[in-house]
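In what follows, structures are represented as structure tokens.
What follows is a pair of complexes built around subunit A, which joins subunit B in one and subunit C in the other.
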Partner chain A sequence: MLPVILRLFSWTPLLQLLLSGAAFFVLMVLITIRLLYAYGLTASLSSSAPHLTAEFIAGESKDETGLAALQQAFEQAESISAFSPFLKGTRTLKIESPAYVIGQYKFEAPVEITGIDLKRFPFAIPLEQAESLKNEALTTYTTKELAGQLMFSKRAVVVNEAMANLFAPRPGMAGEFIVWDRALEQLLAEVRIVAVLRDLLDTPRMLVGLPLARQLLGKAGVQGIHARVSDLQTLETVREALTRKVGGFARISSWRDGHHRQQKLFRVFEAIFWIITVAILVLAVVTGILGIYKVFVTKRRSLAILHLLGLSKSAFFVMLSGLNVCILAGGAGLAFAGFYLLSNSLHKQLVASFQTVLPIELPALEWTPFLFWNGGLFLTYTLLSLGFLGILLRAKLKLQ
Partner chain B sequence: MLIRRNLPWNETHGYRIFGLRVGWWGWLCWLAVGSTWAAECPNISVLISGGSFPMGKETSVFQDTAPVHQVSLADFRIFQHEVTVTEFLAFANRQKLEFPFRKLLEEEARYKPCLPARGISWHLAQGYCQSRGGRLPTEAEWEYAATVNPRANHRKSLWPSGNEFPELYDGAMLEETEDEESEVESALALPSSFLNRDLVEVPQSFLGINGLHGMMGNVWEWVHDWYGPYVSVPQTNPQGPPEGFWKVLRGGSHQNVEHPALLDPTLRNQARPEQFFAHVGFRCAWSTL
Partner chain C sequence: MRRPLIVSNLLFRNVDPLIVFGLGIGLLGGLGLAIGGTLLVEHLMTSYQSFLQKSLIGLRGTLTLEASSPAVLQQFYRVWQADSPAVPSSLTWSSDGAIALELEQGTRIWKRQVKVVVLEQEYLRQKLSAQQAGCATNQTQAFGNPLLWLTLVEFDPERPVTLQAKPFGEQKLPLHFSSCRLETGMMTDYPILFLSWSASGMDPVGTAWQLEFSAPTAAETEQLKWEIDKVWSTVPHSATEWLDPKDVFKSKEMQLAATLSEQARFVAAVVFLLTLTLSALILFFGFSLLLEFKHKVTAILRMIGISRAAVAVGFMVKGAQIGVFVAVFGCLIAVTGRWLIRQGAWIPFEHFFMPWSLAILGGTLLVIPLGIALYNAVLIYGLLWQADRKAGVIR
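Showing the complex of A and B:
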């Protein structure tokens, strides 16, 4: 009986089934690419930036009541993992290293200074993304020690890579620096750079405690609250809830607002992706179904012989569905293997192309969504084919 | 002579034991004997009787020490001090281990063999303890050993020193002398009843309750548990979350002595188990069952 069954699939229908398997494979690759893009954009862009910012509409404020109301709203909001009152500004600074001859190591540039309230840990800007510099004992700090440095030492600051690259008398080492206002030639503060935050921005940034930020910027009060959410999928929901609560006196924005152009690009990519995906899905399903149908049309005689030999409908179903599932599983297996082998290089290339225009970092790839997406698709596709096979068997097996 | 009165190590091994002032030859002889003793610096395990204690702290800088929850522990044994460079290098040589801080440790082992082994990842630390038939102490065991004295009604103290933060060691506290010999003697006689700003050999590291050295300062210590939030329900011999991203570090290091909040024995520092830090070491523990 086995040679008869094998002969049954020796011609066109088998090729069509293989084609449907190949289409399924292409479909999975497309989904992989889409997921990689999605991760490259959603997970990484936010890794060193606050997800949500609530800013007082009236501007910088010393109003304790307003701040308390804002803090309370964030405390009660769901999915907020950290929040810190902040003060932000840009000032053209002249920074000198006292360990060198005055003027030898000098840095002059507009620096974006972000001061955050360090009383509450974790901070809205994740220190775990920062790389500790070596101290005098040639030791780097752990994340909590870094936090301790910022909390207890009034001079400790974290800078971004752009600033560290421009001003690094001793690369990789923490150091003391004197900060002046460039225009006024006024001494502002003495700081100690303890860590570098890899945010991939071109502009020099300095992350400091609130009192030091006030000293450096010559301001008082705070501008609002920076916050991070634990689940990025809930970002817009949290934002809406907060806007309802504090919208009267504060404006809530998310990190995505700052990347409209990139978001637009991503939406174009999404639209193209879905058009291609749907087209391939339709092609795959039609080819698959056609293949199964053709088995019955062209091989009706062989099926009839098998039937006469005593093969039941259920046995037919098991055989044909087994073959169908094997082809689909083969396609899925190939997709998984391809994903496993190519994910790193593909992922890196995709993110690298974005990194040329965007401040994003390379995130760790998560496998769970890939498994769920493709597992779900595999299941749907299999059930659909089996359903159709069942219908055909019922309708066409009245053989002579 | 405030220090001298608190120097059991010096009194036991010092060359002024008979009140005699010896010359260079005497000094060299003493140094040879002292070095031999120091090279060994045997790490005995101390039996800690089990019991129940409130683990954690409601208010702390990092807020992850709450909620305070009741923990019951069985008896266990724990090393009196951190594993030393000599001990760890012997293991590393046996296992032919290569790790980033190996050269530094080899250098230190030549001059100060009793310094705590540092720059050791969690995996290496666990491997060492397993080779000794033990394991890293759990977070609960570590906190219990550092703060609870089973012989004093299982009362929990704020610090391994009791309820007072220990005094910081200051070189100026030693007797000022123009005599070179006395100067050397003073330098060797670092007291273990003071916290030190520098990395010191394990017998000189801070001696706390339960006769354990270095439970605050000197180097952070890896513990067995993954980092995760505390639960409020009472627990018996907790092992921490089954999985996680960070492993817990306890005890603070010599770099943190200026900030008592970072030397809080309830403070939970964290690092990836594969990370190497020059101020992180470990000690081993054993269940007694």
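Showing the complex of A and C:
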């Protein structure tokens, strides 16, 4: 009987195969765009920030036990490449060059001061990637030398571009500065600016070692832990795992939760992506409905004749639903094959152009989201076709 | 003209309710949704590109035109204003990097290193009303970006202030400052002071050495360059006189901005292609289904001597009618979708959406019925031709 059924439907299975293949393929392209574009955005915009932050819910703390528990959780977590306790705060500073060039290099503005442990390398914020200022020998520090300066000099600090540009004039060389609290006229510390970090922020930031941060902010404890992950694609997974472990006393946030323009950009992209995905999924389902409707409704007379000739409804149901599932599976396979051929071009378009700007790695795409979403669409199409088939077999058809 | 209408009426009368239901949902609903979805996606992606640009470069101009001399610039500007008054532009002077200046308010003096940009008040007002509506006032002559404000500790914009800087001569210029912080985007990490020509005391004629333009997206900036070339070719000039357009997206410091913008364009193009493919599939299934259901009627029509082309035209007429319906339905879906997104705050930024382009909505109402009618005619003609080839074969 199966050859008769196949002959009855002639070109239809092939059309359906192409239709379902197109729908699965569209979905896969959308998922890839989301993964790769989000990866490119995150990788390029988070290069000067910690990827993950665990902050004590109770606020700044000197409690060693709490910090030890947090550190242990980060040590055991997967994909964490570096972590460090941090202390952060904002203070309106007045900065001047020392006595011998008084009157030059003046600065006055509120500054966000972030202190991290600079004794351990790699740092939780990759400060060694900052652009070195010229030193006394009129050369710039290499990445290793800059890391060494930050690790071994107690006064070495990195400022962001916004802060460097607020100096009048902008410092062209690594040099000593005296830092005052502007309102209290109180001397806070002497620092040596060695490098400038490009973080695309329009607020002055100073990144320093933890002891110097305590001195500058007048605080004694830490607020939590900053960390970097080695694989950005695992960011949310690591975050969830850490929340499960330390969620009772610390709040885990990822780079994406911030409130700067970069994160807003990311959130807008996410929102748009979901709206587009839902719209295209609805379209794919409507197209699928039409395709399935066409297949079954146009053949209902032929099916009724076969039924009158003695073929039972259950046999029909089993054969047609089996054929349909096979077609859908074939469509999914076709989509996977097409996608495999095209994925390189998508990688190139969505990541390689970021690579010309920043040194980011090409990510290996995980198959789980593809299987999950395509599985959902497969199930939707299967249920729809079974529903149509059921209605069709129940309907009584008058044959003249 | 009457024959296609009669054929169309014959074809689409007395249709099985099951078919009307299926086609109603599938063809009309699906196509309406496809059109509405495509319109909404296109609008979202255009707004996203504009939002991206606002985040990256804020209110700064996207294209700056430099000329071989101020006189050449003036000459071009006069023709440009006559030809393309709708594109916001301004004669501009900007300092070469940060310059030392002094702002004085009562007994307090702020000595700072700031980049100064002088441009036309009206141009600034136009840009502000589009992006930072609350800031657009006629009186204000001076604006600062957030970084300038950060460094002016204890500065009060409400009180009288004077400015002194070398390019403006020795005199102290009285300024009327706006308390708004002018967004200059994430690619600008230095303080900028924006002044109007009247506040700077300078005369644009002979001083302005740049012409600044502001387009909402990188793609439109490209288009603008093309238009400038066209206008420049109509301006009489010698071989030694030149205009040099400097696209902000092509500068080295804006490489990331350019990359992000290019990516957004690529994503928009892919999404458009996907919706177009799905819409074409919906049309194909819908109309081939219609033909399938009406194959007896078409066979009778063919037997009484009506040609294949006349039947296809009959379908075309119906396609145009359906096209009008789905185009209106699609526009309604798109407008409702945008309204829902705003009401539900799914994109949590007040000024995210750009205004609807009436040309796109009007174009949809015109092009869709025509497109569907033609597609329908070609498809039906093709299917009938194929059926004729197979004539005599019993399914």
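Basically, the second predicted complex is superposed on the first by the 205 of 400 C-alpha atoms of A that agree within 3 Å, B and C clash if a C-alpha of one lies under 4 Å from a C-alpha of the other, contacts with A are read in each partner's own complex, and residues count from 1 in each chain.
Heads up, the rule we're going with is that contacts are C-beta pairs under 8 Å (C-beta built on N, C-alpha and C of every residue); 3 or more make two chains touch, one makes a residue touch a chain.
The structure presented is a predicted model; accordingly, all values stated were derived computationally and were not measured.
*Asks:* After the superposition on A, what does A:121 contact: first (subunit B), second (subunit C), both or neither?
*Replies:* Once the two structures are laid over each other on A, A:121 reaches subunit B alone.
*Asks:* Give the label of whichever partner, subunit B or subunit C, reaches more residues of subunit A.
*Replies:* Greater contact footprint in residues on subunit A: C.
*Asks:* Thinking of the overlay built on chain A, is A:49 touched by subunit B (first), by subunit C (second), by both, or by neither?
*Replies:* A:49: touches no partner chain.
*Asks:* After the superposition on A, what does A:235 contact: first (subunit B), second (subunit C), both or neither?
*Replies:* neither
*Asks:* Determine, under the contact definition given at the top, whether A:179 touches first (subunit B), second (subunit C), both, or neither.
*Replies:* neither
*Asks:* Quick check on the superposed pair: does A:142 touch subunit B, subunit C, both, or neither? Answer first, second, both or neither.
*Replies:* First partner only, subunit B.
*Asks:* Determine, under the contact definition given at the top, whether A:151 touches first (subunit B), second (subunit C), both, or neither.
*Replies:* The answer is first: A:151 touches subunit B but not subunit C.
*Asks:* Could you tell me which stretches of subunit A are touched by subunit B in one complex and by subunit C in the other?
*Replies:* none
*Asks:* Where on subunit B is subunit A touching in the complex?
*Replies:* Of all residues in subunit B, those touching subunit A are 61-63, 199, 220, 249, 253-256, 258-259, 261-262, 267-271, 277-280.
*Asks:* Considering only the defined contacts, which subunit C positions touch subunit A in the complex?
*Replies:* 18-19, 22, 25-27, 29-30, 33-34, 37, 40-41, 44-45, 48, 51-52, 55, 98, 100, 111-113, 145-147, 150-151, 153, 184-191, 255-256, 259-260, 262-263, 266-267, 270-271, 274-275, 277-279, 281-282, 285-286, 288-289, 292-293, 337, 341, 346-349, 352, 395
*Asks:* Using the touch rule from the top, collect the residues of subunit A that touch subunit C in their complex.
*Replies:* Within the complex, subunit A contacts subunit C at residues 8, 19, 22-23, 26, 29-30, 33, 37, 40-41, 44, 92, 106-110, 160-162, 165-170, 182, 198, 200-204, 260-262, 264-265, 267-269, 271-272, 275-276, 279-280, 282-284, 286-287, 289-291, 293-294, 297-298, 302, 349-350, 353-354, 356-358.
*Asks:* Where on subunit A is subunit B touching in the complex?
*Replies:* Residues 120-121, 135, 137-140, 142-145, 147-148, 151-152 of subunit A touch subunit B in their complex.
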